[in-house]
Amino acid sequence: MTFEALVYQGLIGLSLAMYLWLLAAGLTIAFGVLGVVNFAHGSLYMLGGYFAFTFYLTLQMNFWLSLLLAAVSGGVIGLIMERFFLRFIYHLDLAYQILLTFGFVLIFADAARIFWGGIPLIPPMPEILDSTVSIVGRPFPVYNLFVIFVGIAVSALLWLLLDKTSWGETVRASASDREMASALGVNIPRLFTVVFSFAAMLAALSGALGTPVRAMTPGIGTSVIIDVFIVTVIGGLGNLPGAFVGALIIGLMKAYGVLLFPDADLFMTYLIMALVLLFRPKGLLGGR
Amino acid sequence: MASKSAFNRRQFLKATAGGVALAAPFIQPAQAQDPIKIGAQGVSSGSHADYGRQIQMGARFAAEDINAKGGIMGRKVEVLYRDDELINDVALKNARFFKAQGVNFMVGTDSSGVCLALGPVLPELDLIQVFTHAATEKLTEDLVFKKGIKHIFRGSVPVYQDAILPALVFKDNKDIKRIANLGADYEYGRTSWAMFHTTLKKFRPDVEIVGETWAPFFTADFTPHISALAAKKPDLIFATPWAGEAVLMLRQATTLGVFNDIRVWWQCMGGSVDVLEGISRDVATGKFKDKLWATARYIWNWPNTPENKAFVGSFSERWGRLPNYSAECTYSAIFALKAAAEKVDSVKTADVIKALEGLELSTPAGKRVYRPEDHQAVYNVPAGRVTYNKEVAPIAYLTDLKVFPASDYFRNPPFN
Amino acid sequence: MKSWTALTKAGLQTRLAAAAGAALAVALLIIPLFGDYVIWLTANMLILALFAVGFNLLFSFTGLLSFGQAAFFAVGGYVCALILLAVPSLLLGVVGGVVAAGVVALIIGFLCVRHTEIYFAMLTLAFGMMIHSIIWKWRAVTGGDDGLVGVPRAPLEIPGLLSIDMADLERYYYFVLLLVVLGIFAIWRVVRSSLGLTLQGIRDSESRVTFIGLSVMKYRLIAFTIAGLASGLAGALMVPLGRSASPAIANWTFSAEPVIATMLGGAFTFAGPIVGSFLFYIIKEIVVIFTGYWMMTLGIIVLAMVLGFRGGVVSVIQRQLLPLLERRRNDLGG
Amino acid sequence: MVALFHAQGVRKTFGEFVAINDVDMMLEKVVLTSIIGPNGAGKTTLINLFTGKLPCDSGRLVFDGTDITGLTPHQRVHLGISRSFQVTNILQQMTVAQNLQLPVLARLGRAGRPFARPDRDPDVRAEVESLLSDIGLAKARDVRAKALPHGDQRLLEIGMAIACRPRLCFLDEPCSGMNPGERAQVQELIRKLTKLRDVTFVIIEHDMDVVFALSDRVIVMHQGKVLTEGKPEAIRNHAGVKEIYLGEEVGD
């Protein structure tokens, strides 16, 4: 692999990693705090995409606003999921939680068909981002740079939010020890609702970010979720920095994989996950 | 062969006679005035839902058309539709359901895997299916021609036209020396690419393959594949991912500025309405620099015949959408069944099979001939450059149409 | 007194179960009278039932949630298909499929049983999808996404003993019925056996079982392998039925079916997965008649089930119906 | 007196914290030993190391002449070391009888039999019956363990520990949360088994009445080290012991 390819594919991989990172961040935070594995997390990505499409193209809103509103709408969906459904099954076996969220996967997939139809939807590329810059002598999409920027910005915000605010403290406290947190007078139910809908927001943002380059179809939710699981498990479930590392690994693997082992990319991702779990049972950076 | 299948059938009926007696609610013997039932299936859930929708629209539209003109031999046509989810076992279940509902014929099926699974079971069901989307050459070459399964027919074009037609279109273009493949990593992508470059190399030994990448089903981001190919500076990129994947792949290609450097992007199935609808805006804004070429197994703006115009007009009126190839193929398949049945004045499977073999029929797509050897409907399909003009159509469409006689690019028995 | 009610309850339960079993048996035997479609559906239900019962041995009786059972189903199916395409012997195909599935389960299980809870679920998911991508990629052998098609429903032959033609769906249905019943019965015996006791012990308290001198890993692996064998048998029966094998049966979405069926019928009961498998098909059959949006409907049902009557159908019967009946008995008695 | 169990220079650290600090310990056959010490002295950790729940950082464990340092917990059980837990650890979903069947099956090497009904195995039955009467839960035979009152659950766990026919049995606070009656029953049971089956019991206990009434020998631990050991009377009047227990009254 030439140095040029190394850099160029590397950047491509980095942008892939950022979509995964936004998704994985939400999934892993929700797991860390609520202890719930959300199969519908990918469906929230899909809904985020559709929302962004509707705001941006159908309602002719400004692109940035559409991203924001899409994320918020995703958050609202998440809020409803937690407040009226998940809330009642925390005490139950893992399988019930998985099954419940799987039910949402089915519902959202058909809902997308009802509201947006079966055909792939893709809005035009916003002018400002619709160009390329020369990197190692080759045109590189500005949009991918934008995605990378957003990914890093969100990481920074998450860090500030969780490490520098009192709210972040309570989140981390209840992530490490629920009883202790509630003893400290944290309103656990409210916290759960907020955290889950925040996680949903991140998923929706990832999807919204994807709309101009990744057409939305009703089945997209199930096709992304497995990658996200792999990412979070590699990093360690409930471990935020772990999710970032996992996203980088899978993103770069997908990009370089095309050059190195073009015939085995799916297999490689699963292999990586299996190997990590075999040698670091709780993920690379350790999880719950 | 026919006699053999007849024998199977008798055996089959004998075996289930006991069941039939008590299964009145499931199997009604056909009387003259009962409707002729046609079972249609395709994928209408998940990412490819629009293809099943098109099959459904085509079938229902054909039925309405035929019934308006007095039905088939005076009997009304009734269409039953089911979602096959692109899964073999669901498709087989649906076929059994149709059988139980006493359908006379079956049409549809999107996935190659599904049609290959369904084909061999048709004799057991004693039902004809005219496949109207699935493109694998194995269906007609292996199952019909080599294995002699006479219940299989295909009204749509096999991979020949995705793969061999472009070779014919570009063989004389001396600027194209370096070709690359962005393949869908499954049989359809593998076969198409193999057929394309072997055919092209026959005419143009000087052409070299500079890159091959394979993307699995349900790929959300093709940028790694596209950039890997772009690095190889190809003149022509041959791409097989279809439906939603084609739409997002083409957008990603534009963001990578691929269309500045290449001369041609050949998009298999790019002429499909859902894809054209998806990429219309980019076409309108010249994102593809007129370098995007595509084909489909039927396109609404060819042939330029009154029959086609009438079909397109009334179809769009009925459904508010332009007909996709799967819609036209299904529509025409049902008319083929009508013609065959009326020709022998019977809806018995064996009779209709005989009648369909060699049947000539004028359809919106032009004249179709059902080859007796492999039961493949032979008809011409154009390839063209993707363009946009809202005066002509609300969505992107194909222009600069290159039409070759089907005989040039259809593989012929004995398929060696 | 306490023991008396306990007794009658047990008696009532067993009698009720026996009655239900008998009714089911009769129903299953006369199924072919309702025509091919019903035969076909029922055969599929039976196969899912066996698949789910195997899954449930892991889930309810060992405390492991596997999300990769489809892998073993697929191995069983594909190996059976490959054998049938080579040698037309149903028995050979089925046995071969089951053995292959067992071996693969043994290997994957060995790597998985160190884990529990979500990590076990994720690891099984990963290995399951590895099998899926192998099947998808190894085109020379598996036919890639086209799968293996035109698999003959070969006759059931034991040289010198018997030879039964299976071309006829009805005959094959009885073959499936027989093997599924045998398979489920075997697992039922396992659950009631010393081994079953050990597994349930592990479910209740890993450390306690360790400190009465048992290797938790070893017995988890045994359970995992048995579940793999059951999945493999289910797969090996499925392929000759549809006369094809496709990668879809190795996909994680297919691994979800036994989970849903088990939850639907009732986890932590033995009959749950069986009842659930039948419901799973019946519900979908009914739904698709009324709407093309079957996914949404199924999803709503799943939600209602998880939130509404959690234990699933079977335990609803046990918890709600039986007490009523008992009260009746007691009233009559006193 | 012969040494049944010998620990040499056993050490265990959790990060910075040294839980067990190079402990040497000799446990003699049929000498009922109690390990006492304030909370955090490392009593339970020590048992976890001896029984294999935790691996030793360094040191050597010898049981009846064989080095067991590297053995897994269940291997140690087979050699004759069993234990109960500080927090009740029984098979909640199963009946009392089943809770006792399992260790018996394990000892007889029949726990893996795929088709044999455990309750139909005459050997198992006989032994379970005697265990049931030993721990006085014969009446509760068919009750689900989780439905038992706390005291009975503790008894059941002791029953499971001895069902392994151990030669060395560690009981971690066997009497915690028991009423006087049950305590008496436990002491009675421990004495009986020591006599009948030569079981060497090692108990961790906070209730000094139990300790002094029961023990032949008392080991006092403090901050991961053995502070002192000796006959109960000696310990009762040991100055250092009083000191570390300051506040907590020793004996009455």
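Side notes on the structure shown:
A, B, C and D label the chains in the order they appear, each numbered from 1.
Just so it is clear, a residue touches a chain if its C-beta (ideal position, glycine included) is under 8 Å from a C-beta of that chain, and two chains touch if they have at least 3 such contacts.
All values reported here derive from a predicted model rather than from experimental measurement.
Averaging Cα atoms per chain gives one point for each, and the point farthest from that of chain C is the centre of D. Averaging C-alpha coordinates per chain places the centre of chain A 49 Å away from that of chain D.
In this assembly, the C-alpha centroid of chain B lies 74 Å from the C-alpha centroid of chain D. In this assembly, the C-alpha centroid of chain A lies 33 Å from the C-alpha centroid of chain C. Averaged C-alpha coordinates give centres for chain C and chain D that are 42 Å from one another.
Residue positions of chain D touching 2 or more other chains: there are none. Counting partner chains per residue, chain C shows two or more touched chains at residues 133, 136, 295. For chain A, residues that reach two or more other chains under the stated contact definition are 109-110, 113, 222, 263, 266. Pairs of chains in mutual contact: A-B, A-C, B-C, C-D. Of all the residues in chain C, the ones that touch chain D in their complex are 3, 6, 189-190, 192-195, 197-198, 200-201, 203-205, 207-215, 218-219, 222. Across the complex, chain C is touched by residues 11-12, 15-16, 18-20, 22-23, 26-27, 44-45, 82-83, 86-89, 92-93, 96-97, 99-100, 112-114, 116-117, 119-121, 124, 136, 138, 143, 147, 185-187, 190, 216-217 of chain B.
Residue ranges on chain B touching chain A, taken from their complex, read 44-50, 53, 212-214, 216, 218, 220-221, 223-225, 227-228, 230-231, 243-244, 247-248, 251-252, 254-257, 260, 274-275, 277-279, 281-282, 285.
Contact residues on chain A toward chain B in their complex (touch as defined above): 4-5, 8-9, 12-13, 15-16, 19, 109-110, 113, 117-122, 124-125, 130, 132, 138-141, 143-144, 210, 212-215, 217-220, 222-224, 254-255, 257-259, 262-263, 265-266.
By the touch rule above, chain C contacts chain B in their complex via residues 32-41, 44, 133, 136, 139, 143-147, 149-150, 167-170, 238, 242-244, 246-249, 288, 292, 294-295.
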